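Each chain carries a letter (A, B, C, D, E and F) given by its place in the written order, and its residues are counted from 1.
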Amino acid sequence: MKYIIAIIKPHRLDPVRDALAQIGINGMTVTEVQGYGRQRGQKEIYRGAEYEVHFLPKVKLEVATDDAVAEQAVEAIQQTAHTGQIGDGKIFVLDLNQVVRIRTGETDAAAL
Amino acid sequence: MISKFMPKKLFVAAAGAVMLSVPAAAEVSAETAYVFNTLLFLVGGFLVMWMAAGFAMLEAGLVRSKNVGEICLKNISLFGVACIMYLLMGYNVMYNGVDGGYIGTFLPWSADDAAATAAEGATFDANYAAASDFFFQVVFVATAASVVSGTVAERIKLFPFLIFTVVLTGVIYPIQGAWQWGGGWLSEMGFVDFAGSTIVHSCGGWAALIGAIILGPRIGKFTEDGKVRPMPGSSMPLATLGTFILWVGWFGFNGSSQLALGSAVDAVAISNVYLNTNMAACGGLIAAMLVTKLVYKKVDLSMVLNGALAGLVSITAGPDTPTPLIATLIGAVGGVLVVFAVPAIDKLKIDDTVGAISVHLICGIWGTMAVPLTNADASFVTQLIGVASIGAFVSLTSAIAWFALKATVGIRLSAEEEELGSDLAELGLEAYPEFGRGSQKLSF
Amino acid sequence: MISKFMPKKLFVAAAGAVMLSVPAAAEVSAETAYVFNTLLFLVGGFLVMWMAAGFAMLEAGLVRSKNVGEICLKNISLFGVACIMYLLMGYNVMYNGVDGGYIGTFLPWSADDAAATAAEGATFDANYAAASDFFFQVVFVATAASVVSGTVAERIKLFPFLIFTVVLTGVIYPIQGAWQWGGGWLSEMGFVDFAGSTIVHSCGGWAALIGAIILGPRIGKFTEDGKVRPMPGSSMPLATLGTFILWVGWFGFNGSSQLALGSAVDAVAISNVYLNTNMAACGGLIAAMLVTKLVYKKVDLSMVLNGALAGLVSITAGPDTPTPLIATLIGAVGGVLVVFAVPAIDKLKIDDTVGAISVHLICGIWGTMAVPLTNADASFVTQLIGVASIGAFVSLTSAIAWFALKATVGIRLSAEEEELGSDLAELGLEAYPEFGRGSQKLSF
Amino acid sequence: MISKFMPKKLFVAAAGAVMLSVPAAAEVSAETAYVFNTLLFLVGGFLVMWMAAGFAMLEAGLVRSKNVGEICLKNISLFGVACIMYLLMGYNVMYNGVDGGYIGTFLPWSADDAAATAAEGATFDANYAAASDFFFQVVFVATAASVVSGTVAERIKLFPFLIFTVVLTGVIYPIQGAWQWGGGWLSEMGFVDFAGSTIVHSCGGWAALIGAIILGPRIGKFTEDGKVRPMPGSSMPLATLGTFILWVGWFGFNGSSQLALGSAVDAVAISNVYLNTNMAACGGLIAAMLVTKLVYKKVDLSMVLNGALAGLVSITAGPDTPTPLIATLIGAVGGVLVVFAVPAIDKLKIDDTVGAISVHLICGIWGTMAVPLTNADASFVTQLIGVASIGAFVSLTSAIAWFALKATVGIRLSAEEEELGSDLAELGLEAYPEFGRGSQKLSF
Amino acid sequence: MKYIIAIIKPHRLDPVRDALAQIGINGMTVTEVQGYGRQRGQKEIYRGAEYEVHFLPKVKLEVATDDAVAEQAVEAIQQTAHTGQIGDGKIFVLDLNQVVRIRTGETDAAAL
Amino acid sequence: MKYIIAIIKPHRLDPVRDALAQIGINGMTVTEVQGYGRQRGQKEIYRGAEYEVHFLPKVKLEVATDDAVAEQAVEAIQQTAHTGQIGDGKIFVLDLNQVVRIRTGETDAAAL
């Protein structure tokens, strides 16, 4: 199984969720994060002193999938989160050994 | 001797007896009345000035956090603009030489207190210090402008909004105000608007309505399939605080609109106004609470707050004539109106961020039309003429102003700026830099 | 001519000289006194009304964020309910025909200002406009109800709470109020309670105490091994703001309870009341600060805020007789009391969310019992009788009301709803939708 | 009969006519004037007391969330300390037996109202109730101390700060106050400071400046390469609320500094003061808004708020003499000054957390020096002597006090505590426990 | 070594921490997250318009363990976080290559 | 490729970011987290009752790197985040299968 971690722009979250639903993925976990990369931060000003906020608000998506769907999922995220502008984010895919559904104790594929 | 441990009620009766035994002149002297009247304006003035804080907090609570700084800025700066414009011309356009007509003179205001402060032979016919009157009047202007800021929040550009405020407070508001309070044609006709349901609240409401239409809704407010996507306000306690501030300020707004405190008759009238103002707010909020519970199963706090304000706006045209129970009912009707007006305006795809159109325009009209119910001196027809003529005038002139701004400097933030939030776009700062910005995006 | 650049003190003396040279009547005319008294009630009234905002902010700051919206709603709607109930019956139950007895009449209030507003031969024996008195009295009722809302917060259901408020403000408060301020048996006996340490604050406090016992503590407040698990309030600045609002409002609460401003004697008395009220608050907060520092090594802000309020409640029964230094000490004792009362009440496994029982009930009793220390007209025994009889009456009737509600509609949120928060459960919204809900769960 | 539907302006004229026809004594009676004057102090007093809440909210909004609880605590406790110290000695040091000299007597204050409350032959030369005067004066002291708390926020220890407050309010403020308002040498020389641009605001400002220098900047405020690292305030709406509260309170601050309301002349003067105070605030905020927009391309809300306050401080030395337009300009200059003073003070590596030095000290000086522009009784030289002598005195005595504290108990939090935040370090609690603490660290 | 990621209901955090302590695990990192799954979101209402909040507050637990304890840890979490109601959450187990304790520079087992 | 997860003290974030930049790593994702470990929580007090806040604010850094740089990165983090005091945090290194840059669709090394 795969553990997909995607860093995306916050306003792309809804479309990505829809895109994943269309390929049958109905579970995910989302975290607010701060991203640092090529995209430069916002210039802010406070009481006459300018400063740069280095980190930009991003959303981190974590989705566990079967190996079979993983590729599709990555593609779906890449295409839907894509705006073409700098700072669109990244997708990371890791191997996943085991999954347990807490409610039922089911494991692996059955737990997804 | 007055003993403090007597019960309240009885003690007062006793004190009354003491008073009567004093062989004093019964009347209020002319100079004393002058001081009382001036004091009434000053106390009323600081209370209404305080309403500016109420609008700021209400609106800060009802917009999303990325726009909170800008709405604070708008509310405090519109107050500044309104005061300056009213000084430069507004007051005299409204009060100087209207004489049954349509408009006064475009001149800066200045005080003339010579008669009352003459070293010898002072007379008190002016009834109050000139500046106290101006101070009281000027805080009303700001109220009208505050109504607009709430409706067009989260998408309008700062300086175009302030330019509109210049026009509204320097020209539009004073002209229609002249028709009634300046002794113009409407007042001659017998229109009744004690403290400004129409002249202040509806006036602001019309300007807001036209602004909202021309500006268009916030991005994402209405989905493609025609549904309304709520954008919950960032802080309910600030919205509640704002409502309470407005409520307190309203005692000045309505109470001091009696314009005199120099006699028992005036004192009685003002007391009735205070009580009715309070009861109408109570009626409005309780009605809104019960109706939202019935209709939506849950009680929407933001609606209850609007309900209290709806009650206050509703009673403002005639807080002097009803009994307290009737005042409660007039407020309650306002509270019900607002609960239905908010989704109705949403249905029309007009995006009113804080519900100001429902509260100030709709209830301003209702309040004005309700005056004849308890005031024999008022007639439905005249009230209707007043509402309609002011509505037409303010809508037309506002539309011209909004369109002129749109065609020249533009009135709307770019989509990108709106998405980012007006705080970062126009102020370059965040209202709550440490409280997890961006989270609002997770609500959908 | 009065020159403004003279130093304050001297200038006043000079102005005094000018005044004296005027051959005017020295006394206050009857009508002028009438206006002054009415004004005192109106200013006092809007100040006390403002206290409703203070309670709302204090309680909003001291509950967890998942319950902030509901506590705002409760505070604004209880004000509405209290005003309406007092109009419908409370005022007349309290003041109409008590005559040394126990209860007035169950009739709606209405104004009678005929004598003062008569076109000819007006007399001013009534001393003030009827509505100004009603307005001032009605805001006190709401205060008593506000006390309850804080104690039972975070677990009580909205509408049952409001029904209790109906009973409290329409029946319970007015009846015990009639005993003293309505000229009932307690006042005949010589009980002293200037502005309501017992009649307003303890009354609310008893109702809150009984409510807290019947309702039970919040889930998780007391651990199985008997420890107290603190549930820190969501916003210290809001709690601070609420305290300041209450402090300001208290000048109206105590000051205008002098009930007359129509003479120099009254003006002096009110001034003393203002100063003593202020000093007692200072004493309470400084004492609470020092004691928490000594006992806990750290200064607990929430306790200091309670300390200021404790000082205010403590002075309320007799703000007219002490010197300012004694007033400071009376307040300081209140501040110390509250620091020890809060954990003591916790030990009894009574869950008082905002500490209202400690502030309003305990210090209300202390303040009432402290009156004879500086007021020769008061006796300890009579004060004790007043405290005890009102305590017994309010406890009993509250218990009946709470139990009746519990047995019928139920008073408590389900465990699931309480866990979720009353905002989502009853209002269907969040007070701070963008500030990371759920985080409170990480505090333990 | 007074018909309510007449237009405001006309109606008043009509009422005036009615009034004149009454054959009443024209003058204000001595006792009526006594009541008016007392009332002026009481209303002014509660308004200025309310400013304490304004400072608390402003500062709570402008510090980072980890220090919000402590700044709330400081603001409420310094008020307590100030009132107690002024009662114990401050008032008499300032007003008792100064007689053209430098200092009064170190004695507790007590009221003497015997003349006005005598059962027989009462006289009203005192002009107002003693406690009303004390109450009004005492709230000014607290204002001076509040200025300090904002500047030294986020790094000073709580109790050393309060000890400094003891010295400031018990000794430093009263002595320099005695020079002018107590009838000391400065007043004899003809120095003019109507409501305290120098005596209250600059006094606090100097103490703050010296404190900031001795204390040093917050860790990380100035980077090694000499750049300023902004530390944005945690809540713009609270800062806005604080500004509005201060604005409202300022009507009491300046208006009631007229010290008498017992005549039409006074009523006119107070009205002018109200209006000028309001216009100066408007001028300050609009000027700050325009200048920040020009200089920084964006409008810095925190600067606009400072601009409004700058306007208010600037007009405080002479709100009685300018026309409203000139008052607007005086305020506007203050608003411009503050926009440039804030970064200039940063450049000097003096860390003024909320900008209080720029607002209160710089504009306090400007306001004092601007008096001769509109007041023929004032001279630039005397004004300069006043500013300089008070500056020297307060700076010197403050420096002694700060150094003594530094050498004994220490005035600064340890680096670790500062990093952790003063709330956890000194209060053991968090101001916003549920809103994601720690997030501020991500801003850089 | 294993890197265990568990998404649980917020109010189960305390019991889970205790359960882990009992099997000798005394370190973990916790993040507030928003979960999307079978459990439906809360219906909220604002100014007359109803809407569904799709994401629900959850807590994410991250625990690095020895291979030996991993199974036990998963079981402890599953059993303690379990309420039997929908939305109980999931446990994900990944392989962990290396651990470093920043304070001492110790690595792997010694660093846990 | 490696996926490095580091839990560090919040005020060390800036230096760590600089240190990583010096070895050519210019992208990372940061999350506010709550840590539990040997470092004891803060004692807080509220209304006369004392209690311990078990979790302490930490910052979680996630950095994806080439295998080649990974070791260097771990070392840079360890050295810069180090204060020598308890609670300095931990670094976890996981295997990373795949990376996609959302903006361009580039993968793996090219996407970093």
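We adopt the following convention: a residue touches a chain if its C-beta (ideal position, glycine included) is under 8 Å from a C-beta of that chain, and two chains touch if they have at least 3 such contacts.
Because the structure is predicted, anything quoted here is derived from the model rather than measured.
Path length between subunit A and subunit E in the touching-chain graph (shortest route): 1. Common neighbours of subunit E and subunit F, by the contact definition above: A, C. By residue number, over half of the contacts seen at D-F repeat in one listed pair from A-B, A-D or B-E, namely A-B. Comparing chain pairs A-B and B-E, the larger number of C-beta contacts belongs to B-E.
Computed centre separation for the pair subunit C/subunit E is 47 angstrom, with centres defined by C-alpha atoms.
Distance from the subunit B centre to the subunit C centre is 29 Å, each centre being the mean of its Cα atoms. Note: centroid distance subunit C to subunit F, computed from Cα atoms, is 52 Å. Residue positions 30-32, 34, 44-46, 54-55, 94-95 of subunit A each touch two or more of the other chains. Within subunit C, contacts with two or more other chains are made by residues 25, 27-29, 32, 39, 43, 232-233, 235, 241, 262-263, 265-266, 296, 298, 300, 302, 428-430, 432, 435-437, 439, 442-444. By the definition given earlier, chain contacts exist for A-B, A-D, A-E, A-F, B-C, B-D, B-E, C-D, C-E, C-F, D-F, E-F. Listing the residues of subunit C that touch subunit B in their complex gives 1, 25, 27-35, 38-39, 41-43, 45-46, 49-50, 52-53, 56-57, 60-61, 68-70, 72-73, 75-77, 79-81, 83-84, 87, 95, 108-111, 113, 116-117, 122, 124-132, 134-135, 138, 158-159, 180-184, 187, 190-192, 194, 235, 238, 241, 257-260, 262-263, 265-266, 269, 320-321, 375, 377-378, 423, 426-436. The part of subunit A that touches subunit F in the complex is made up of residues 2, 5-8, 31-38, 54-55, 58, 60, 74, 77-78, 81-95. Interface of subunit A with subunit B (complex): residues 10-11, 13-14, 30, 32, 42-46, 57, 59. For subunit B in complex with subunit A, the touching residues are 419, 424, 428-430, 436-439, 441-442, 444. On subunit D, the positions that touch subunit A within their shared complex are 228-233, 296, 298, 300, 302-303, 339, 342-343, 346, 355, 442-444.
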